[in-house]
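Going by the order they are written in, the chains are A, B, C and D; count residues from 1 in each one.
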Amino acid sequence: MQQQSVYYSEYLQLNKIIEAQQLESEKDGNTPAHDEMLFIVIHQAYELWFKQILFEIDSVLEIMKKPSINDNSSDLQLIVHRLERVVTIFRILVQQIDILETMTPLDFLDFRDMLRPASGFQSTQFKIIEAKLGLKFDQRHGQDYYLSQLKNNDINKIKQSEEGPSLLELVNKWLERMPFLDDADYWKNYTTHTELKNVHPFWADYAYKYDQSLSESEKNNSVYFKNIFLEEDVSAERSLSSAACRSALFIKLYRGYPLLELPFQMLNTLIEIDNQMGNWRYRHINMVKRMIGSRVGTGGSTGAGYLQGAMDKHYIFREISQLNSFLIDRKKLPVLPMALSEKLGYHF
Amino acid sequence: MQQQSVYYSEYLQLNKIIEAQQLESEKDGNTPAHDEMLFIVIHQAYELWFKQILFEIDSVLEIMKKPSINDNSSDLQLIVHRLERVVTIFRILVQQIDILETMTPLDFLDFRDMLRPASGFQSTQFKIIEAKLGLKFDQRHGQDYYLSQLKNNDINKIKQSEEGPSLLELVNKWLERMPFLDDADYWKNYTTHTELKNVHPFWADYAYKYDQSLSESEKNNSVYFKNIFLEEDVSAERSLSSAACRSALFIKLYRGYPLLELPFQMLNTLIEIDNQMGNWRYRHINMVKRMIGSRVGTGGSTGAGYLQGAMDKHYIFREISQLNSFLIDRKKLPVLPMALSEKLGYHF
Amino acid sequence: MQQQSVYYSEYLQLNKIIEAQQLESEKDGNTPAHDEMLFIVIHQAYELWFKQILFEIDSVLEIMKKPSINDNSSDLQLIVHRLERVVTIFRILVQQIDILETMTPLDFLDFRDMLRPASGFQSTQFKIIEAKLGLKFDQRHGQDYYLSQLKNNDINKIKQSEEGPSLLELVNKWLERMPFLDDADYWKNYTTHTELKNVHPFWADYAYKYDQSLSESEKNNSVYFKNIFLEEDVSAERSLSSAACRSALFIKLYRGYPLLELPFQMLNTLIEIDNQMGNWRYRHINMVKRMIGSRVGTGGSTGAGYLQGAMDKHYIFREISQLNSFLIDRKKLPVLPMALSEKLGYHF
Amino acid sequence: MQQQSVYYSEYLQLNKIIEAQQLESEKDGNTPAHDEMLFIVIHQAYELWFKQILFEIDSVLEIMKKPSINDNSSDLQLIVHRLERVVTIFRILVQQIDILETMTPLDFLDFRDMLRPASGFQSTQFKIIEAKLGLKFDQRHGQDYYLSQLKNNDINKIKQSEEGPSLLELVNKWLERMPFLDDADYWKNYTTHTELKNVHPFWADYAYKYDQSLSESEKNNSVYFKNIFLEEDVSAERSLSSAACRSALFIKLYRGYPLLELPFQMLNTLIEIDNQMGNWRYRHINMVKRMIGSRVGTGGSTGAGYLQGAMDKHYIFREISQLNSFLIDRKKLPVLPMALSEKLGYHF
């Protein structure tokens, strides 16, 4: 064969990739536990994909850190496209659990004690993914546990990525920059909700219509509406500002306009990332439960317990998802002023 | 075309199937809400599959009700094969939620108020599936709710199927009938666990080895071992008897023997049914949350809340799954006496 | 229970849906073949989904039949959204074959002879889907077979939908209407390809760059380029005009511009529909092969043979997919004139 | 953190795994092509899984090479379990193509020319998988191409694995060893098919019943029946002997007997491996077609063309699958003599 510039196995560095499986169970000349190979390979496959996910998230953060996303370029499209790829990858990671489920509990027992205290919990890359998306140290389930289980070098890497700016923070700023309702004299007649009128008459009008859409038992949410959309009532716990929430709701309500299509897809994709990470944790929990029952995981904790805690708390874009509570029937939506409506359309 | 004995569309009664979609939103001459068609069709598809699942479960119950499963026939194989089909169907039902997720919250708002109080919660067939698998009325989440939401005719159907015998009860009896350790003088030397010795020396031996496999922090489970495997300590809450638990554990431990392959697959498939029903509820919850946020579902309750409750409580074969806590390393398993070992193998 | 306006089982007309299964095998008091129920239910589920797919396609055709798609409204977004839903449905239909594969060949033999000559081939709805997407009678594999197998009433329905206008025809017109390069004096300097210059200098420039990107062995495609993009050389066999092809290629090349995002998604989704219908046929073929080997199908033909023929020929949006041969490296793309570039961006 | 015996990232050798991605496109200080990372990572993930598949196949070959599979042990169960795992892995590999499909043709163009002539075609591991399953050099599509594209070292590895014994050959031997009909005087009355009577009266009887089940148009297959089940007529092209075919058909026909359950699952799983490898190639073909249209692949050939050829020819367990043509209605099956029937059942 003639000399080649690029050769598949060299290009992929397969000498590293497929020679990096060393069974603990066959050390010291012991009979290897057959299923340990699967255990190693699937975790390596997960880590490969985590690397890819981080690569995509980093590229998205890079674009979003610019003072303004250039709407005349492909910035927004690239962001959406890459976040959708992250979703697609997570979807496969969820299905991939099917492979691990071919390992029976008894097969796992053949080598699980030898791995202590290593466990999937120690995946530094996964924790960095969470941090870069927007999970703060304070919000983590099992914080102490993570400090005690990881080496300093790894802790530092996670800490650094927890400092941000995270995707969630950048999304918040991007939403705050949205100019849609800035100048509209149009809204001056809306007077129902006095507090919201001070923000913008549009929102006063919207809040009125929203109130009307509520059943008696839901009326309490009306207060909640103000909590979210009026800055002064918002507790420090929230990660989206009122201005950002208003923009996000506006996008969800008027996504029929061409200009709002990509922003809508962005918000939707963030919710879908949470959704898939939730699916991943949920299937993982069940797999762990089936595998070791109520016994203690290799990492010294009950793996299922940790995952359950993470499932409940590590729901990063929850505030974007919760805005769906404030949607109203399309037919009742305030009609946008012509000037704004035209701006949101195509110009050809 | 010449006269045919069987014609596709007539055989499938398509005049019924594809003419059974009547949009609420277009009644009284209103403009139809486009996505209501999807809403109807997907629920009809679910109900078609629920019918198939019930058909399979009924056939399995029929076989298992016989005084003894004829091990010389294909009884056990049929049971496993049909339960695995149920798993495969549930797997698709889970993925099918992808289709419903193409409906945006705003699209749903176009017609959701017109459906009140109908909701997926009112699926009689699904409740019957749960009942026939083994869920009792007492264990149901939202019992009163179901009595108040359904018509008497439907309540009666569910009640009837709750009376059993359910698959779980029949599995319990089938496990109790297992003859493996009945006569074995072989076990007489095992003396560690006095209580278990009275049951069978094998179990005393096994309990001893299990104790040894425990870490200090797990020692408490040892008590739990006796709770499960000794009848007198078992609370009335359990659905599997000690004898059944012992057989199930025996099958899991010695499934390498040809004779135990199908029994093992049966137990595994039951756990997988729970697993898939859990996946279905979990994805459903997330879809509902995304769709209506914290608002009240069409059925008058928070759909997500009900599903969460059901997810935690309607875990029918939990006791079979929990037995995995009592597995020990294959290398430490008590060796079976030759006579038993031979019986569990092939004879050719 | 109090009177309800809408009750789940009535709303879904479940009395029709789940009472429409009549086994051929249990007619005349024979013992029913267990798996015939599955056979009926899965085909009914397919037909339910075909109904939904037709509903979506019809709504898309309705929008696209308008003299011009209103780009300032949500027309284009609705089209893309609904076609993507069709893709999602097909994806599930592909996976659903997993369920049918739980039927063993021997189980199928228990009733297959009773169904003759009914076969999935007789699905009128599926043929209408193909026709509405753009498959013409002349292009069909097994035309005579379809005329001989179906009842006149069904043949007429298919014939009617074959008359169009199909989605493919409407897409062709929509692409022809694209105004991007209409007036651009900018292009006057591009002179390489004389024939294409007459069309538009942009395309002459593009063809030149494309030629340069070809390896020696690919040079022949250069002729092909002209065949497709210059009307006079196009054979009557093609379904996209040169003008439409040029617009489609333009969209693929410059999809980074916000205005081209939805048009790009539309083209991509059409290719994906073909892709999923191909997957469906391919998995179907394998299932049929496994089920009946080389024997003759219930419809009197070899089912696998028909599907193979259909797979090769019923590839409706092939011409859109083939345009990918004409892509060139993004870095070498002709720069668009400022005026056009701005028109393709956001205006806020 | 205290000293740990096993640390996750060290155990998985993540320093190798996630540091093995070197983009060609950023060599010499060029701007990297964003999507090249995905291209590398997904191929590495494929190779990781190919390693796992080979590991499973090797372990299966090891067991099957023994002079006799110990039916009294878990040999057969292990074989089936591991081959089913291979199926599960392939299933995920098929779905994983979803991720690669997020790369648009234009994104691929950013770096594809830099990779020449590397291509997935050069995967040595995949060719070894094919060889170990049973694909011989003579049967390969594009033999010369493979000799010209790979380095000698890789060619040698593949050659070595082509020498066997392959899984297909070992399956053939295992089937030939089946003792079911060896001694049965019972069959002496079956006299219809003289040639088959010489083999065994059972098969003469079976062939008679099979003939009766044929429609007129299928009668020719009757000849085919003898071709397959009578050694002397079998061409050298076949990989299963007549004796093996008879055993395989026997297993398929009488799989209701407990003893035949695992053998049946084994045959079924082999067909399913072919099925999934076919799905993988088919989806791969479509992806390549969409990605590069009719242009030449990085490896210098049309990737889609090669895959199409492989899809048609690399169908390794075809002969097992084709036996399904010879099934007859269960009700018409010859009844087995009591002695044999008992042997095939459980003995407890």
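Assume contacts are C-beta pairs under 8 Å (C-beta built on N, C-alpha and C of every residue); 3 or more make two chains touch, one makes a residue touch a chain.
This one's a predicted model, so the numbers in the text were calculated from it and none came from an experiment.
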item	value
C-D or A-D, whichever has more C-beta pairs in contact	A-D
Farthest chain relative to chain D (centres taken as mean CA coordinates)	A
Chain A onto chain C, rotation angle from CA fit, given as a multiple of 5 degrees	180
Chain centre separation in whole Å, for chain D relative to chain C (CA means)	32
Interchain centroid distance [CA atoms averaged], chain A/chain D, Å	39
Residues of chain A engaged with two or more neighbouring chains	255
Partner chain D, residues of chain A touching it in the complex	1, 4-9, 11-14, 16-22, 24, 34, 37-38, 40-45, 47-52, 55, 59, 81, 84-85, 88-89, 91-92, 95-96, 98-99, 102, 114-125, 148-152, 154
Chain C - residues contacting chain A, complex	71-74, 76-77, 179, 255-259, 261-262, 341-343, 345-348
Touching residues on chain D, where the partner in the complex is chain C	104-106, 109-110, 113, 215, 217-218, 221, 252-253, 255, 271, 275, 278-279, 282-283, 286, 289-296, 321-331
